[in-house]
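Common to both upcoming complexes is chain A, partnered first by chain B, then by chain C.
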Partner chain A sequence: MLGISIFNGLVYGSLLIICASGLAMIYGLRRVVNFAHGALYMLGAYIGYTLSLYLNIWFALLLAPLAMGMIGVLLDKAVFRPLQERDPLSVLLVTFGLLLVIEDLVRAFWGRGSLSIEVPALLADSIELFGNPTPLYRLAVIGLGVGSMVLIWAWLRFSRTGLYVRAASTDPLTTAMMGVNTERVNALVVGVGTALAGLAGVAAAPMLSLAPSMGADVLVDSFVVVVIGGLGSLGGALISAILLGQVQSFGTIYLPGLSAVLPFLMMIAILIWRPSGLAGNRV
Partner chain B sequence: MLHFKYLLWLAVGVLLPQLVGSATLMSLLTQSLIYALFALGVGILLRQCGLVSFGHAAFFGISGYSVALLMRDLELGAASAIVLTLVALAIVAFLLGLVVSRIPGIAFGMLTLAIGQTVYLSALKSRETLGGADGLNINWPSSIFGLDVRLFYDPASMFVISWVVMLVTIYLLDRLFRSRFGSITSAIRDNEERARFIGLHVMLPKAVVYALSAVVSGLAGVLSAIYTGFISPETLHWSVSGTALIMTILGGVRYLWGPILGAIFYFFVKEYVGELTDYWMAMLGAVVIFIVVFAPNGVSGLLMQLQERRQKRKQDVIVRRMEVRS
Partner chain C sequence: MNTLLSFDKVNAYYGNAHILHDFSIDVKEGESLALIGRNGVGKTTFVNALLGQAKVRSGSIRLGRKESARWHPYMPAKEGVMVVPQGRCIIANLSVEENLLLGAATGRKGYWTVPKIYGLFPILRERAHTPGTALSGGQQQMLAIGRALMGNPTLMILDEPTEGLAPVIVDQLGDIIRQVNEQGTTILLIEQNLHLVARVSRRYLAVEKGSVIAEGIVDPEQIEQLQQFVVV
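Now for the complex of A and B:
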């Protein structure tokens, strides 16, 4: 029982961290609270659905995030960059408008009904883990979460572009004065962040059914993760995503009446205790 | 002069239902007026404090639930239940405001979102007391505040009632925000640190505005609960808060009547564009983006700009004539 709870918490936590890290990165560089992030997650899942019909799910997992990355770069060039001098509130409201537009576009292309993606045959089996049958696909999702976090960490820590990203998130002006093209760094990061939202969408698709409104829950949970972790902090987001996954998973078993409310109570408590989140202002 | 303007608007509100022939249009207008009051609640928080709330549906819905429970379980009369609800809402929101308004800008929005969803999910889960997902039917007595309850169900008379409530609310808020209190809150909004340096207490005024905005939204919730005779968790969902925010942005917050205009605009887009295409939400999203980017003061700001320009042109003509004469 305990094993299953921890395991399920980790699966959900992995999805959340993939999605929320994109949100945190976009906030870290652009100072934009992206309300359309849930809609981008949903769009990623639908693009993945179409790709899995024509090719297969492996291509979907690879190509859908790539397509979303391009959409992200476009988003940065068309929306975030022209509006960077505006106050953060108006940009937030613009992304709120984008959310409505994207949801309706998806409805127009894919219809209102719910769709589903088959679990790939290679991962359709279950294996015995801690004495419980465990679907391989869920295990793979955890792997994906860990893998993408390690990749992002390595990218930020060891590559030259990663260095630019870290520099630009600390002080964009000084970074630009050192000769770094911060606009390109920003576009890249928004692209990567959007790709991560798409990746989470495709990865979640075989476990849930696809519906145009599926982005809302993930958006709200990702916000909780990002706010608890400290806006713009990846490390904080990682810790709070794992925490939130466990809280939800254990909450449904031990406090069924409260489980849905627990993440929000946690967020309220942490915001009042530390208004800038667990990680403070560090990136 | 100021009072004359209000009397004029009062006459407009009383006459309008007589002029509107279609029943659909009338119920559309009444519904948008109730939501207009809700949007006004969201708007004054944005206008006086620069804070965006994503959780005001909580106040909108809670007031309906509270009135229903007070009448059902404590067997209070309708009027006392409504007054008690609004007073309690003011106190709770004031205390909450003392805590949440310390959180700056964007995190405030997230916090209100979290509080709103907590309330929504709690109401959804509470099957015995609050009726879970089905909500509650409210048994209104035959008269409320001395008015026959049928007046509240009929769109045309309900329109006049809501119109009067709205005018009184705007009048009182206008008086308040033109006073010293209004200047203090604007000062805090523009630069909290400087306001503190010149010796202002910054938390208290913010909490008061928060409480006011909650009460105005709660008032709209009560009107909605009377009009529909029904309250469900759907009214607490964050998308409802989002809708109120969209109305506020569409209308603009520089003028108090901006959110009202925004709500009417919203319902008309929903009704008439919704008839033309299923994808009216996308249209609405595009309009929101357009307004935020090109007209930050919303439709009301655009209208006032037009009027100012026309007045200026008129003045120019007069000046030119005088120049010719001399």
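Now for the complex of A and C:
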């Protein structure tokens, strides 16, 4: 029982970290509190659904995030960039409006009913892990979470572009002064962040049913993760996603009445202890 | 001599505040020019107009062969103009070496490489992997200069580099800036510290109320004659 709870917590934590790291990156560079992030996660799942019908789920896992990445670049150019001089509150409202628009578009294209994606045949079985039957697909989701974190970390830490991203997240003007086209860096990061939301959406799809409102819970939990981790910090987000995954998983079993508020209780407790989040202000 | 940078009757604003009034300046290739003046006369606004951070409503700014009234902050670097900003602006979450690598973002090739910068400022090599902002003020200024040199500039603009530094460090930096100029990089020094101007610059422009009001040759023996432009 204990093992299963920890395992399920890790699965949810992995999805959260993929989704929340995108949110954290977009906030880190654009200083945009993106309420549409959950809707983008949902849109990723739906695009993945259609791709899995016409091709198969492997293509869906690959192409849906790519498509979402392109949508992200467009989002940056069409929305975030023109609004960058506005106050954060009005940008927040615009992203909230986007959320509603995306949900309605999805309802119009895919209908209101819930849909589902089949678990890929290759990963449909379960294996015995620490004495518990463990679905391979869920194991693969943890692998996906770990893999994407390692890739993002290596990208930020070792590549040229990663250096520019880190620099621009603390001091965009000086970074530009050195010759970095920070607008292009911003578009890229919003693209990557949106692709991550989409990736989390497709990866989650075979474990639950698709509905236009499916982004709401993930959005709230991703915000909790980003706030607990320290706004814009990926390392902090990683730790808080793992924590939140466990809290959710154990909460539903041992404190079912409280499970909906547990993330917020956890957030309050951590913010009292460290007001600027686990990682402070580092990226 | 070629003109690297010229402002022709530029009028620049922050919002509705009119800061630069018909501001004109020509920087010639190879020279070492000082822009002097009191606080608040528009020296930094000149840099901000070049970086597109102050709004230019009339006049034109020419860099090399490019002319425009609206520059984006990343464009001057691509044309070979690197700025050592006021207050140094070392990036806090990058190491010393990463700050230097950031300076090479344009990919302009030339004399300056990371080892060459370490040769110029050996202390930076010792502290290569510490966060840039963990350095002392003087070392941060060295890093800011090194970072600008990494862009292999034809023109390096230094905005009040001596602010808050001890006199012995100021002299050290002055010698290095002169050395960089002698190697062929054009220098535009924005300063109130005439001691440094005497050490580094050969020509000066004096700014008051947003316009250039005087210019001439810097005579280190009679530097006190320029006091009138910087003393309140």
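Just so we're on the same page, the second predicted complex is superposed on the first by the 281 of 283 C-alpha atoms of A that agree within 3 Å, B and C clash if a C-alpha of one lies under 4 Å from a C-alpha of the other, contacts with A are read in each partner's own complex, and residues count from 1 in each chain.
Please note the rule applied: contacts are C-beta pairs under 8 Å (C-beta built on N, C-alpha and C of every residue); 3 or more make two chains touch, one makes a residue touch a chain.
Please read all numbers here as calculations on a predicted model, not as lab measurements.
When the two structures are aligned on the shared chain, A:2 is found in touch with neither chain B nor chain C. By the document's definition of touching, neither partner reaches A:121: not chain B, not chain C.
Once the two complexes are overlaid on the shared chain, A:180 sits against chain C while remaining clear of chain B. Of the two partner chains placed around the shared chain by superposition, chain B is the only one that A:224 touches, whereas chain C remains out of contact.
Chain A has more of its residues touched by B than by the other of chain B and chain C. In the superposition on chain A, contact is made by A:260 with chain B only, not with chain C.
Once chain A of one complex is fitted onto chain A of the other, the partner contacts of A:105 are limited to chain B, with no touch recorded for chain C.
By the touch criterion stated above, chain C contacts chain A in their complex at residues 51, 53, 72-74, 76-78, 82-83, 85, 89, 91-94, 98, 101-103, 105-106, 147, 151.
For chain A in complex with chain C, the residues that touch the partner chain are 160, 163-164, 166-167, 169-171, 173-183, 282-283. Chain A meets chain B in the complex at residues 33, 83, 88-90, 92-94, 96-101, 103-105, 107-108, 216, 220, 223-224, 227, 231, 257, 260-261, 263-265, 267-268, 271-272, 275-277. By the touch criterion given at the top, residues 50, 52, 99, 102-107, 109-111, 113-115, 117-118, 121-122, 124-125, 238-239, 242, 245-246, 249, 278-279, 281-282, 284-289, 292-293, 296 of chain B touch chain A in their complex.
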